[in-house]
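Below are structures written as structure tokens.
Look for chain A in each of the two complexes below; its partner is chain B in the first and chain C in the second.
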Partner chain A sequence: MTNAIGTSTARVDGIAKVTGTAQYAYEHPFTDPVYLHPVQATVARGAVDTFRSDKAESVDGVLAVLSPWNAPRLADVSDPELSLLQGPEVRFRGQIIGAVIATTPEIARHAQSLVEVEYTTDDHDTVLRADHPDRYPEDDPQTIGDDVDEKLSSAQLVIDQRYSTPEEHNTPMEPHTAVALWDPAEQHLTLTTATQGPHSVVDTLAPLLGLEPQQLRVVSPHVGGGFGSKAAPHGHDLVAALGALALPGRAVKYAVTRQQGFVFVGYRSPTRQHLRLGARCDGTLTAIDHESFSQVSPAGTFSESASSISASMYAADARRLVHHLVPLDVPPPHWMRAPGEAPGMFALEVAMDELAVAAGIDPVELRIRNDPDRDPATGNRWTSRRLVECLHEGARQFGWRDRDPHPGIRRDGEWLIGTGMASATYPHVMSPGTKVTIRHDGGGRYTVRTGAADIGTGAWTTLTLISADALRVSRERVTMEIGDSSLPTATVAGGSSGTTSWGSAIVATAEAFRRQHGDDPEAGAQTTGGVSEDPLAEGYTAASFGAHFVEVRVHPGTGEVRVPRMRGVFSIGRVINPRTVRSQLLGGMVMGLSMALHEKSVRDPRFGHVVTQDLATYHVPVNADIEDMDASWLDETDELATPMGSRGAGEIGIVGSAAAIANAVYHATGTRVRDLPITPPALVRD
Partner chain B sequence: MESRLALTVDGEEHTIEVDTRTTLLDALRDRIGATAPKKGCDHGQCGSCTVIEDGRRVTTCLSLAVAHDGASIVTASGLSDGDLGLHPMQQAFIEQDAFQCGYCTPGQICSAIGMLAEIADGSPSFVTEDLADPPTLTDAEIRERLSGNLCRCGAYVNILAAVRQATQHSDKGAA
Partner chain C sequence: MRPFDYERATDAADAVARAASRPEAVFLAGGTNLVDHLKLGLVEPELLVDISHLPLAAIEQEPDGTLDIGANVRNADLAAHPAVRRSHPLLSRALLSGASGQLRNLATTGGNLLQRTRCVYFQDVTTPCNKRSPGSGCSALGGHTEQHAIFGASQQCIAVHPSDMAVALAALDAQVSLLGPEGVTSMPVTELHRLPGDSPERDTVLDRGQLITGVRIPPPPAGARHTYRKVRERSSFAFALISLAAEMVVEDGVIASARLALGGVAHKPWRARRAEEVLHGAPAITETFTAAAKAELEQARPLEGNAFKVPMARAMIVAALKELAVETT
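Showing the complex of A and B:
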């Protein structure tokens, strides 16, 4: 019965994308649009004293200048990130404190430079430290099993090390863009914006703007990547909306510049981590103590909780996990691909490699020895935990057998060669609440509508395949409509939950459609349905798993690291569209390589801003950095997790991959790098 | 200050008045309504805005529109004429899934076509081993020459496969 699912299918939006005709937020046609350029704070903490805009206003073509005092008032100012232009407070450098709207982008940008602002400033602090006096634990420590300190003091082997990961910026290739149009006659706002969840933008912004949900429509059919940074509205959406309210009837376009994309659209907090592993001589873990620290802002307290990853990954008699938050004068951190899991797994999997070395055990074997039968955090059964098979299959593909564990002894000319591995996991997330409308258009053709978003994941195509099988027709007979809040409510594309949540709702609605209209429905027959709760049975934990295997070459003279070979094998349930899933997994691995070797946002403590605020100084991999890389998966289905048998695949590729590279660098050089990114100074030898 | 200029874009002639500060990219996007050249950085650092101008690949964010009066520009929207279907490079990008979000894609495709023309012309690159001989189309050459086009979705493995496919299945790899 199912045959669309599992068939390698070209993207249904492929032609639009390769011809450049797919419309991203900025590219929708508007009559006589106007352009917004923000005024940004040049101090890291304080208040705007004076805001003089007369010079800017006198420029030909300037239509409005919004200040902290004259901008339209919000109905609700409880969200400090989005309560912009409502008062003089400056909470971080680069915060939006004004906006110029003009007939062309050139005029808006020039006039913005003529606005004169004076501030009262306070001392600021933007440096994350584990011993920061203002740190506070996010929650009580999570303790599971025996006493950790006791187990550590009686352990035959102890690994006790500190790890760090840097601040990172999502930097999707499409910079955030919002176009807002207020229709005064209809009292209706249309916001065309790059978002991972049109309905979540409505839910957040409508109350702030004092609108009923039906007075706000969010349009977002094509999104140029997000990686978490488009999962919630940020300041640009709000300011574009304020601009539209100030200029009724005009489409106000605000294209965030690449530099501004390093300020107020979210980022991954840096982390500091302290890990203590206790083990017996044979490598079986007796204790895991994972403590982590991340920064938060007066404008938002999103927590990059790195220690949580250690709850379920391996068996141990005792475990303690605690995460601390450090309040700093920085922009609000936010989601970035696998938030918490990516930096946490870096620390855990490097520590496991250190334990393998200390115990004299092969690192693959060490993971197998510590694979838990049940979820250690809850005692739950797994719906399917096949990490060990991923490890075996990855080792086989990579040719891991007979690896000599001694570090720093393999050479090819001047280059040192090494191999490394790490495990991966990502929790299965189902977000209930998605609604779907299925309509029979006649002749066995169906239109399936839901407000999902395709940020590059392939959702346009994946949901078409799920719909086809659920409706028992070929995929050519299904037309998907997504990316618009005027469609039935859908949850956010985030937490690797999109396909799970939307797909489950499609399957449920197709069943309801058949119950209501039978097997031979009339043209025009329509059903709206959805899922209101996670179907995962009590007592079960579901998660995706994987294993990364990497070869590196390190030049001892320059410290350069190359990654000639990388393999990932994943357990992600049934794969809906092999073609797009492989791309997602590879994309995650590329981002893991990037995390290991390239990315770092350098924040200047004197001024409080990120100085690496463009794509020349914020390094991401280019084509020449990626060599022989491949991703594959186990043949399986997990119907306890979703009716499609699938689990999330969007984030697991980045989890563990940075650790696998760091472990390979150790094997090549004998140098253990515990602070990312791994850059030449750590590896150059005289 | 405004200036008048003529541009041929994907075979269509346009005469526009622009603020002299307008980049070629903004003229294409804001004034002519071209959607294929994308703005990823506005600083010549990402390649998203790449088009083919007079047979060569160029990043349109890096120069002012007024410097291109009379230029003939082909964007990814104009690589194929509607009847003949897609350019082989576009077809290969779809078949190899050489993109995810698609935002870098029109630039990647124009850049790949321009790159093949440069190899055919015998221009060496940083990784060309022997400068005396014409460069050959190795994987290293393709990767190196496409490294001005960032893809944050990380589609590089499939971009390489697509370029390979386009050069194998087509004798018109260079436009």
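Showing the complex of A and C:
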């Protein structure tokens, strides 16, 4: 055994990335490419009446203008997000209603501005309200245990509050890009795109385009961040493909602008939440009633269910969870890091802090008192639930003991100081279905091939380590090939499931390889295998847990909030590569800080689109905002969850971290902020 | 982006002549603001006159201490210059609080003064904006106004000027040197930008083809202390919610002179003359500072979305003056 797993390993693609030679989707070389720029709707609801493109067509260098009527027809228009240019309907402002293809991006962009469009418009509504007349429950309320209303009316302590989280956009560093090339002789489309799952793009797009899966190849070796927004194809992939069909033999390139990145590549729905906690004087919960609301689009189905988080987090005698959808004239919301968990846990963990204050109990102790022996949602046993150890270890690292709970009394010069904490959790997800091919290249060298995606998480490296151990060779002897749908099928990089799902398939295939070829295989020996079932032990629930501890400084005159110290301790199963895992956890915590203090997409209800549509007006933290931050984990392996013993690390860092900051702001100032983000206007005192 | 012509000026007079020759000509300096605007379609000039290489990049200190700064001096170089750091650390601090290292390496003194508002509706050609297309309406009114003006706005426009550097220059009584078709002139920085009134499309009083050739800053009064405070929700790389440049001279507990300017509150860098009047000759105590802030903020007309700026400005003014008073006594 080589024990590559567990050793801190620099990224195998690191040098290529820092020297700029790693090719991102838009950078692949193509001969004589052409460039696409879309025409976007300037109304939020209605239909295109006229689409006059003669001026655009007469610009030198314009090769084609696609309209709702002349664009290539799709074979299947059942997906409303991707059925673009198939008819005149406008479902949200900024929707793609046409496209110009030209010899340079500048010409395409200019010509696009010359297209004259007239619309029939209908009234639109883009404001999420909990009392919206069109709201409807996504499912029947989930009730567990006793009657919630009864328990609440007899509770000694009740917290009954409303919370909200804003619309947020994923804004990965690498904008979404796609290059599509239709080979008319071979009847084959190549789509080079930034995606979290090449095979899922094929599965979605091939039927729409009327292609057999083998007629579409998706290439995506390097991805500059996705945070969920690249987990499925969006409009840019589809229009690039339509452009390629319209111009056979030419590579059609489309780089989504930053402004367009705030329209049709997904975002996190805002949420409104109503939480009622009932408890005894000692803080033990008798009731949890969590109601949440998010928006849905006529052009999509995704919903941000925030209340689900309360199903398994704490013990309670009675529980009711319900999520409502509000249909609005907005673009389709989509995955964004820890969808549902991140906003839901903000509300739950602030409410728990409010309960701790009301009960006069230390917030760490409150969580320990409500730690359930079994999964409250199912009655299952836990494969490993070590929240309490995370809380203890985090408190120890942070120096939480002897904290004075009184708010608004610590000062350093003009600044108020406070500390806060919150729990974290993320479900364990293992997606079966990944296939892997292992080939012995001779001399103890192996090539391991699977269509996984490295979206900056370090999958290139992690999968190399897993392969090395599985094949019992040093990692230098393994060549990974990922990021291409011509490789064996792999599941999407999402739900913090990538490493576990792909890694389990590699481990299983290596075993099959040895069974087939013995311990001394010939050069060229090859085996394809995979995992077709989730190996989670029957009757068990697997989930990751963690604890956040935070110190904040708040300026009472200006409302500025700074975060000098942040600690996260996590229980995430076996850690494959400490270096990239730490980076994932820290990245999640940074994004939690961002959610707490910065991110907010302002959708102007009069127009219907997001007006903070660049990184100068949509803020994420800069280096100076991240001071002393650290993440660590418990030493463990969870073999009841998977034979490899790992769970996921990609999302848990953002879960609970925003609440910990909000709780620290309360401790610093005495002001309880229940609406994110916490910006100066909320805290300035007259 | 509309196609345009591009010409490199050979000297300042040539730049002015070229710009005056075509009705829709603009100067290109660092390009950090203008190029964005070209891409977004906010401006559609027919000619770019590149002035970035003209020899207007020197910083000289005259015998009386006046600093003479060329229009093409990059923001990074200006902030780091020993004479600036010695005589006007306020200006260095203001510059360093703006944008990012990369941008400051490109951005010029002239371009920084003439950068345009960051009003989100101004920057989006799909929404009405009187500044971008006169008469189309002001989308900010009734919209997202967190960044907008509390002083001197009109029903036509409530935008703010976003520069940090200009706020420091306004406090320091800097003069702008100009070359136009009519020849050489100069004016105080405080008179360069205008309030929106009925013609918000005009940010400044400059005429077409007028080139900023430099900025002159008189030496500070003896014994002056100064500070620059910029408030924003993240620590760096963000425009100010409010910024404040403050300078004060205290002698024997009495305020001998005080100069204050605020950014992020008006269509121009806002010199706080009313506050200065209260301060001048008064005892350097908290009551005076509070009264000064009050006098200035009495003219504030906040909107619902930016009402927080009034208490924020008050807290900033009082805190800055206290800091300056403590240091001098």
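Rule of thumb we're sticking to: the second predicted complex is superposed on the first by the 685 of 686 C-alpha atoms of A that agree within 3 Å, B and C clash if a C-alpha of one lies under 4 Å from a C-alpha of the other, contacts with A are read in each partner's own complex, and residues count from 1 in each chain.
FYI, contacts are C-beta pairs under 8 Å (C-beta built on N, C-alpha and C of every residue); 3 or more make two chains touch, one makes a residue touch a chain.
Everything quoted here is computed from the prediction, not taken from an experiment.
A.B. asks: Touch check for A:Asp630: first (chain B), second (chain C), both, or neither?
C.D. replies: first
A.B. asks: Output check: A:Gln273 vs chain B and chain C. Expected answer is one of first, second, both, neither. What do you get?
C.D. replies: A:Gln273 contacts neither chain B nor chain C.
A.B. asks: Going by the contact rule set out at the top, does A:Ser646 touch chain B (first), chain C (second), both, or neither?
C.D. replies: A:Ser646 sits against neither chain B nor chain C.
A.B. asks: More residues of chain A in touch with chain C or with chain B?
C.D. replies: The larger set of chain A residues in touch belongs to B.
A.B. asks: Between chain B and chain C, whom does A:Glu106 touch in the aligned arrangement: first, second, both, or neither?
C.D. replies: both
A.B. asks: Considering only the touch criterion stated at the top, classify A:Arg258 as touching first (chain B), second (chain C), both, or neither.
C.D. replies: In the superposed model, A:Arg258 contacts chain B only, not chain C.
A.B. asks: Looking at A:Gly559, would you say it contacts chain B, chain C, both, or neither? Reply first, second, both or neither.
C.D. replies: Second partner only, chain C.
A.B. asks: Considering only touches as defined above, state whether A:Gln295 meets chain B (first), chain C (second), both or neither.
C.D. replies: After superposing on A, A:Gln295 lies clear of both chain B and chain C.
A.B. asks: Of the partners chain B and chain C, which touch A:Gln584 in the superposed model: first, second, both, neither?
C.D. replies: The answer is first: A:Gln584 touches chain B but not chain C.
A.B. asks: Can A:Pro621 be said to touch chain B (first), chain C (second), both, or neither?
C.D. replies: both
A.B. asks: Where on chain A do the contacts with chain B and the contacts with chain C coincide?
C.D. replies: Dual-contact residues (chain A): 106, 110, 614, 616, 621-625.
A.B. asks: Would you pull the chain A residues touching chain B in the complex into a rising list?
C.D. replies: 10-11, 13-24, 26-27, 29, 104-107, 110, 171-175, 222-225, 227, 255, 257-258, 455-458, 579-580, 582-584, 586-591, 594, 614-616, 620-627, 629-630
A.B. asks: For chain A, which residues are in contact with chain C within the complex?
C.D. replies: Contacts found on chain A: 42, 106, 109-110, 113, 259, 414, 556-562, 597-598, 602, 604, 606-607, 609, 611-614, 616-617, 619, 621-625, 677, 679-681, 684-686.
A.B. asks: Can you list the residues on chain C that touch chain A in the complex?
C.D. replies: It is residues 1-3, 39-41, 118, 120-121, 123-124, 126-127, 139, 142-144, 146, 231-239, 241-242, 308, 311-312, 315-316, 318-319 of chain C that touch chain A.
A.B. asks: In the complex formed with chain A, which residues of chain B make contact?
C.D. replies: Chain B reaches chain A through residues 19, 21-22, 26, 29-30, 33-43, 45-46, 48, 75-77, 79-80, 86, 90, 93-95, 97, 99-106, 109, 140, 142-144, 146-160.
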